[in-house]
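Think of it as A, B, C and D in the order they're written, each chain with its own count starting at 1.
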Amino acid sequence: MTMAESTAATESSHEVHHHKEPDFWSKYVFSTDHKMIGMQYMFTGIVMALIGGYMAYVFRMQLAYPGEHVPGFGTVTPLAYNSLITNHGAIMIFWVAMPILIAALGNFLIPLMIGCDDMVFPRINRLSYQIFLISVIVLISSFFVPGGGFGGAWTAYPPLSAQSQYNLTPFGAPLWLLAVALEFVAFLLGGINFITTTMNARAKGMKMYDIPIMVWMIVIASLLFMASVGPLIAGAVMLLFDQTLGTTFYNPENGGDPVLWQHLFWFFGHPEVYVVLLPAMGAVAEVICVFSRKKLFAYKTILYTTFATGILSFFVWAHHQFIAGIDPRMAHVFTVTTVIISIPIAEMLFCYIATLFGGSIELRTPMLFALAFLAEFLIGGVTGIYLGSSGMDIYFHDTYFVLAHFHYTFFPIAIIGFFTSIYYWFPKMFGRMMNETWGKIHFWGTIIPFNCIFLPLFVLGMAGQHRRIYNFKNFPDLATPDLHNLRIFATWSAVVMLVFQIPFMINFMVSIFRGKKAGKNPWKANTLEWTAPSPPPHGNFKELPVVYRPPYEYSVPGREKDYWPQNEPN
Amino acid sequence: MIESLLDNVSTYGGKIDNLFTLITIIVGVWFILAEAVLFYFIIRYRRKEGVKAQYVTGEKKKEHNWIAYPHYLIILCDIVIIAGAVMVWYEVKQKLPPADEIIRVTGRQWSWIFTHPGPDGVLDTADDIETVDKLHVKVDTNYHFQLESKDVIHSFSVPVFRLKQDAIPGRVITGWFNPTKTGEYDVQCAEICGIGHGIMAARISIETPEAHQAWLDEQSKMDQTQRMAMSAENQIENREDNDNG
Amino acid sequence: MAFTAPLATARSATDIPTGRLATWWVVVSEIVIFGGLVVCYIMFRLHHTDWAEHASHTSTTAGAFNTFVLLTSSLFIVLAHQAASARDLKKAFRYIWFTIGGGCIFLVVKSIEWTNEISHGYTLFTNNFWSFYYVTTGLHGLHVIAGMVIMAIISIGVKKGEHLPRVEYIGIYWHFVDIVWLFLFPLFYIAK
Amino acid sequence: MSQEHAHPNYIKIWAILTFLLFVSIVGPMAGIQAVTLITAFGIAVVKAAMVGAYFMHLNIEKRYVWYMLFTALIFLGLFFFGTSPDVLKAEGTNWVNPSPEQAHAETDGGGSHH
């Protein structure tokens, strides 16, 4: 650690730099400050979430009242329907879950949590956001080109996605793919930054096991992303050439192979699930420790199981393709690996539940969301066992059972995980508290309708209803009134849930300007970000902290206070 | 459990339903247990004035066993589930029983073409009967189907058989089924295949041997163009009925 | 706006300078990108036995010459690194430009090769072998161009004696591009 | 802040690399496939290892950088072994994927293969 000590020595004599007040552009638009870049990612993510939510509203209305005029959209044509579901999926994963959970939280929290003044490469960080913003613009512009937005599902299986005579979106499809590719590049740059920062720029005294779980999770997620996305970037180039120039990498008529794309996609796509899961798990870990005043149960075990999950996630991808034309013998291998992944994940969740044991639980809004994450994610987890079992997947593949299953994982991850973090870190981000009562109204208004949307969809899936069909009237077995009532019920639940986001938005905006002043450490938490002023100035800390202990020393016997910040010498 | 929502009319469908029940019981117990413990902790350990939280690291062996033992049990459950899943998969997808009859199923944007071997029972002969969006099969017969696609990826799904298989252009994939009950049921396309994905609906008619023979005789009298025209007409009628209903 | 590097950049908890650590991560992510493409090519190649005939139309001479050029340019950039760490700025600057020269020769040979093949009717669309050939070598060529541009920028700093460690970082990247070619050469030129 | 380290004789390494390149070109002229495979790909691996070790200084770099790079290669290997049964092969259990030329020749190429 010789190098670290020598730099620490120079740091202690170093004043935190005083800039003159930067103008609007360099403060908000071309900022290199990790906190501002984190905000940019967050607000872009929220806007995209609204677009994605609007799309969900439109196609749910179409499913409940097929062919009727949807208020705020008009009549949904099949082409528009396909484009809506495709972009809803792509947006929610690539432009909501990724930027909010990894980029926004990672940018905002990593330097604060490991006690340094910024990311190691602030300008690459800025570049990462700018590329991301371009990807957003390309994506949105793809809705308005002749032919409309791409409608071949977010998995973009060729030949449908590769040839415009099949998908009928000659401009939408390549633009969509280009947007996804740009987004990958943005997150590769961001990921390298996160990993390098955490490896190299930790505060003096912060050893491996002193790093908060949140930071670990973002770093491991970035590693998974980096290792899995490469083949898909190559594959996306090939698909883009197929679409625009007419090469035949995926065209069977000329010796190409459509199944290759499925492998490339899911080799990335399955680790991607864990890429977004892990940061949400990290945020939940921070929150349940703080609000139950408990040390995280078996920190090291959680860390090892995370690594195990990450590595295992590379061995399971073909369970998405059981019935997609892969060799039946391969299904056995992938069933075994898939079901095995339940072991580390279950162990991780057990550790989280065990953390609550003997605690002093205070049900503030962030804690409610964190607990809801555990309760709801369990449903997503156990229903995954059905789909990972090859024999069962024959029936369930591409039904609403799958759809309900992954919404029970992705909704807790992307939405509940996001609300957990925003309610928890809001005081740090804006220096003010959010309103507690409205927070609770928002909580119940989100969680109850959420279950009302997706529990009926499990039933529809069990009845054999397939995904991505814009009107079930063509299928006599599915057009029964009983099943249709479930669809209507799910749709109205979705509408109710969307309406309940309005209190959140108002609470959020009002609290930024009018909320109660928060002070440095409103939750009495241990991790380093709470030792910085709220909101942290450029350069974060008045004096860069030194770390003396692990991050979760709550309620240590013999101490008067029930928390023990990482940077307090004793 | 699934059967209460949708009939099962194939020989292996019951096994898939049983697998569903098996998994439901195993994961259901775990799920209820985990949720119960979670909610018990939330209620039991609510904040009380003057009560300090305990300091439990989870690193001690005794504490860690609380995690370790359930985790061994999970491995056991996993083995049971894997065994069940693999056996069903092997029967449905891998080991094909000898065929009594072979049909060809071809997906295209956006309809299913079913090629019946006709009276001689052999495909690719002059007496083949091609139909659009209507498959006629005999009850209690081992069928092999050769699945092909003309353009994009489709997925041949017969929910009442619990059967599904993607059709990949360029490949010929063989599968099997054996219907156990007569009746008429949905055939769906389960993989998005363009704007017409939602209308790519077909029907499968499972008939008694006599009824099937009668259908064959009737078809053999017509030539192929007449047959195609007939089935296309039926299809349009069906859709109109549905749209009105 | 003047940019001052944060203190974080100077920290080094791993004992590897931050710039070099990041370069290694860039190499890791590039390995999976090129690797993905090459793995796809290998699978197709083994599936389609008739590709050997197509592969015989690539020019082994040009490929071998380019391998030699890249190996030599790798030598130059490592010599530049050696000179930079001895603070021999002039020598370092000269070797960097030798490396860029190597890159130029590589690209010239490559373009002659492509012209020749296209004029014989082997285009991107002839069959999937040629699609892979153009996409893979094209992607590699883009990396060569990017490396040359970055080197030119770094050489300006070297002249002023600033950011000398960057010579080492670009060197690592350039060697990686070289290694990629070491595998593309047998895959597309020798195996017939 | 590059760490100071002894520099090996780079010219010598370059000379060895050039010689290996020569061998890999001459190898296929023997016309034996096994020899071609060894001289082409075996030598490519050796050359890559030499460039990595001496030019990229992996021999004196921290051990885990080497693990980082190797992990990426392992994942690629994993991808190959998971994908090749479908993409590399022309047929498998209950499926065939004839090349386009063959497909036109034998339209009834289906059936079970096991």
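A few comments on the model shown:
The rule is short, and it goes like this: a contact is a pair of C-beta atoms (placed from the backbone, for glycine too) under 8 Å apart; a residue touches a chain by one contact, two chains touch by 3 or more.
This is a predicted model, so every value here is computed, not measured.
Top contact pair of chains, counted by C-beta pairs, is A-B.
Between the CA-based centres of chain B and chain C the separation comes to 49 Å, rounded to the whole angstrom. Chain A and chain B have centres, each the mean of its CA atoms, that are 31 Å apart. Averaged C-alpha coordinates put the centre of chain B at 41 Å from the centre of chain D.
Computed centre separation for the pair chain A/chain C is 34 angstrom, with centres defined by C-alpha atoms. The set of chain B residues that touch two or more partner chains comprises 93-94, 168, 170-171, 173. Residues of chain C in contact with at least two other chains: 10, 12, 14-16, 25, 28, 31-32, 35-36, 39-40, 43-44, 47-48. Within chain A, residues 227-228, 230-231, 252-255, 257, 259-260, 325, 328-329 each touch two or more of the remaining chains.
If each chain is drawn as a node and touching chains are joined, the picture fits none of the line, ring, star or complete shapes. Chain pairs that touch, as defined above: A-B, A-C, A-D, B-D, C-D. By the touch criterion given at the top, residues 1, 3-16, 18, 21-22, 25-26, 28-37, 39-40, 43-44, 47-48, 124-125, 127-128, 131-132, 135, 139 of chain C touch chain A in their complex.
Chain B meets chain D in the complex at residues 93-96, 102, 104, 123-124, 144, 146, 148, 168, 170-175. Residue ranges on chain A touching chain B, taken from their complex, read 77-79, 81-82, 151-153, 157, 159-160, 166-168, 252-253, 257-259, 292-301, 322-325, 328-329, 331-332, 335-336, 339-340, 342-343, 346-347, 349-351, 353-363, 371, 374-375, 378-379, 382-383, 385-386, 389-392, 394-395, 397-399, 459, 462-464, 466-471, 473-479, 554-557, 562.
Against chain A, the residues of chain D that register as touching in their complex are 71-72, 75-76, 78-79, 82-83, 85-87, 89, 92-95, 97, 99-100. Listed in rising order, the residues of chain D touching chain B in the complex are 93-98, 100, 103, 107-112, 114.
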